[in-house]
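The chains carry the letters A, B and C, assigned in the order they are written, with residues numbered from 1 in each.
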Amino acid sequence: MFSVDKKKLDDLLRAWAKDELYVPCKVGDITSFEVYGTHEIDLDFKNSRVPIKRIMFPESETLYRYESFPEGYKIEPEELDNQKRIIFGARPCDCAGIERIDKKFYQDPADPYYDARRKNTIIVGLACNKPPFFSCFCTSVGLSPHSTVGMDALFTDLGDKYLAESITDKGKEILKGLDEAPEDEIRKAKELHEKADRLLERFEIDNSAMDFDARIWEKEAQRCIGCGICTFLCPSCSCFTIENIGSTRKGKMVRIWETCQFPAYSIEASGHNPRPNRKERVRQRFFDKYRYSFDKFGEFDCVGCGRCVDLCPVNIDVREIMVSVKEAGR
Amino acid sequence: MSEEEMKTKIRDLLVEGKIKFFVGYEKGTNPFLARPVMISDENLEKVDDLEFSVLCSNNLTLYIIEDRKKILPRGVERDERPIGLVVKGCDSRAINVLLQENMIKREDVFLVGLPCEGVVDPNKARDVWYKRSDRLNPEDLEINEKGMFVNGEKIADFDEIEADRCRVCLHRNPVAHDELVWDEVEEPKLETREKRYEKIREYESLSPEKKWDFWKKELSKCIRCYSCKNICPLCYCEECSLAKDQLQAVSPEEKSRRVLWVGREVDLLDNLSYHLNRAMHLAGRCIDCGECERSCPVNIPLRLLYNEVEKNIYETFQYEAGINPDEEPVLTTFGSEEARNEECFL
Amino acid sequence: MSEWEPKILAFLCNWCSYAGADLAGVSRIQYPSNIRIIRVMCSGRVNPSFVIRAFQEGADGVLVGGCHPGDCHYVEGNLYARRRLSMLRQLLDFVGIEKERFLVRWVSASEGGKFADVVKEITEQVRKLGPIKEKWEA
């Protein structure tokens, strides 16, 4: 455990900025993780609009390029991105989302593009002393405002100082040289963590009560507009599509973020769509986050960050639905 | 008619089976937004919870299109009864544009008009609430036409949380309606039209470099989620030419003829291409309900683009979208107004 | 440092302006070689997405040529084009792609000289403005 004086934080960040350092910045009305020095830093933030997954899994990236020559096609895989990066100030829910994405991308065979970025990125988390959104519910999905899942080090704001705790070896590496934290600061951080835990209202999620044929999916899906915001801003959603950009003579294959909420996601070559209407797609989202991932990996995909609750234009509230699912199951 | 009488009328229409379902607003879990609710004869008790307030930001005409696009199971006949819905001033103009384009017939909808003096922007309201209150649970929060109140204490004026589009609204009363929830309100004075384009003219006076820098900064944020397109009631094409999110079942020949003029990559030029093309597709059709900008997760000032096109159309052709359902849409006819306007050519 | 030459893309309608360009060639009238021509059947075929794509791919200027209003081979195609493209021109100007980069001109099949003048006009205007600010790397 180490102690960092707030006044010395800039020096520490500047030292870390030798690698590409991402910090939460104020960009217009929203907070976004940008490269250190390009925008005004904002550590008093609730949570960034777009989660940190975009740093390791960008919205679109080229996989390989091809060009046709008289002798035949030449295919060139894109160079892997081995840039060393540090992300500072990621909230525990976003970091837990990265851990969920890791589980998906590292299934055999591991994704080389994601792997190159992931293993060269160090994630430093910032605990939530006052869980930001009224829509936060990380304690209901088995996480907490000070969870260390998915991060290499955890900073806790103690007022005029930060307490820095190293979680992995990478974290230990970047915290080398900092002052040891005194006992009272460690105790204060623990108190703040427990207080934050109590601030969040817990509700129970019973995923065995989720019924595939229940009427609730139809009712909730009636007002869904299929915008995809819930999935694009979800810290653990990682679906993508692969598109061909260019002509038969010269072009490239690009990987782009995709969402199960678009009709085109599940359309088959014959034209049949197994999820033709909103009801099937909304139901798919709930089952994926709370049932299928639980069956496969033993934990909910949902990390309780609350972005989907806050930003859904028609107020489809995952908490409301899971509570009524539990009520119906009784 | 009073609100109670209105609710009784809606309930009667549903019970008598005269309308398929009714779309209105209800109180949800988001304290800054009254969410859409679909009421059919199976959940009639919801009619009592219908809300007509400053939190009614959504444009409900979208659900007419959504209902039309629904794919029914084999053997199920489409229900051709009309749909009832609540429309504010801006929303009713969308109905007129749909009528002009022969997308719906007037008998397909039953309109409950809501004369509106402005609604609350949920994003602004949320930001103000975080900054000025320390609450986590919004049980003591109340928002009405006077402002935002926590435990009876005012923390924001209505002006601070009003949606930008409402400040420059020219049509507060529904231009098409079958019933009105309450009496019509006073329409804004003529000066509002100039005020509408004030911000646009400011931007127009910048140098090309500054204009480009501004749009470069804004459009680099776009993550191509297509929520602007999906929430717009006038973007009703079953297969959008700018976004491959809604593919239709077609033959292999038709599939091979799909041309992609707008790139799918998420980079500045492709984003610019998507937004410019969409602005052109909405030329003379956008009614400025502002939902696109409201739902944008990264806060891109989309209304600037669409209002610019709206201003050019108004100045050249004196045409306003959605006022007269019998008028021909401006870009599907020809005349010579644009040749006489120096700004357009040369 | 090499001299930058503007790249102009032209959409010319088959019946009038393309024939006018042919006439300019046959009459040996000199015009700048910065222009690349795409033949379309009518100027009304030109979709705003073509013009935007042209700028995206690196064209420094775009020219749309059609029959004179009233003389369209398809009666009214160029009138629709005029209306549509005039709105596009102002929208492009709003985002920073200057008006002078995008021209719509009516050139008939017998106006070889006028075609050459139009090409000279747009090439000089674009040369003064400089290269387009941002373009795709292939």
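What to note about this one:
Just so we're on the same page, a contact is a pair of C-beta atoms (placed from the backbone, for glycine too) under 8 Å apart; a residue touches a chain by one contact, two chains touch by 3 or more.
Note that this is a predicted model, so its numbers are computed, not measured.
Central chain (C-alpha centroid nearest the global protein C-alpha centroid): B.
Among the remaining chains, the Cα-based centre furthest from that of subunit A is the centre of C.
Taking the mean of the C-alpha atoms as each chain's centre, subunit B and subunit C sit 36 Å apart. Computed centre separation for the pair subunit A/subunit C is 47 angstrom, with centres defined by C-alpha atoms.
Put simply, the C-alpha centre of subunit A and that of subunit B have 30 angstrom between them. Annotation for subunit B: residues 263 touch two or more other chains.
For subunit C in complex with subunit B, the touching residues are 47-50, 52-53, 56, 69, 76, 79-80, 82-84, 86-98, 104, 133-136.
Within the complex formed with subunit C, the residues of subunit B that make contact are 200, 203-204, 208-216, 241-242, 261-263, 268-270, 272-273, 276-277, 279-280, 283, 305, 308-309, 312-313, 316, 330-332, 334-336, 338-339, 341, 343-345. Chain contact summary for the complex, subunit B toward subunit A: residues 28-30, 33, 35-38, 58, 62-63, 66, 70-71, 123, 126-127, 130, 135-138, 221, 223-227, 230-231, 244-247, 249-250, 263-267, 291, 294-295, 297-299. By the touch criterion stated above, subunit A contacts subunit B in their complex at residues 27-30, 32, 46, 49-50, 54, 58-60, 130-131, 134, 199, 201, 222-223, 225-229, 232-233, 243, 245, 254, 256-257, 259, 262-264, 267, 270-273, 276-278, 309-315, 317, 319-320.
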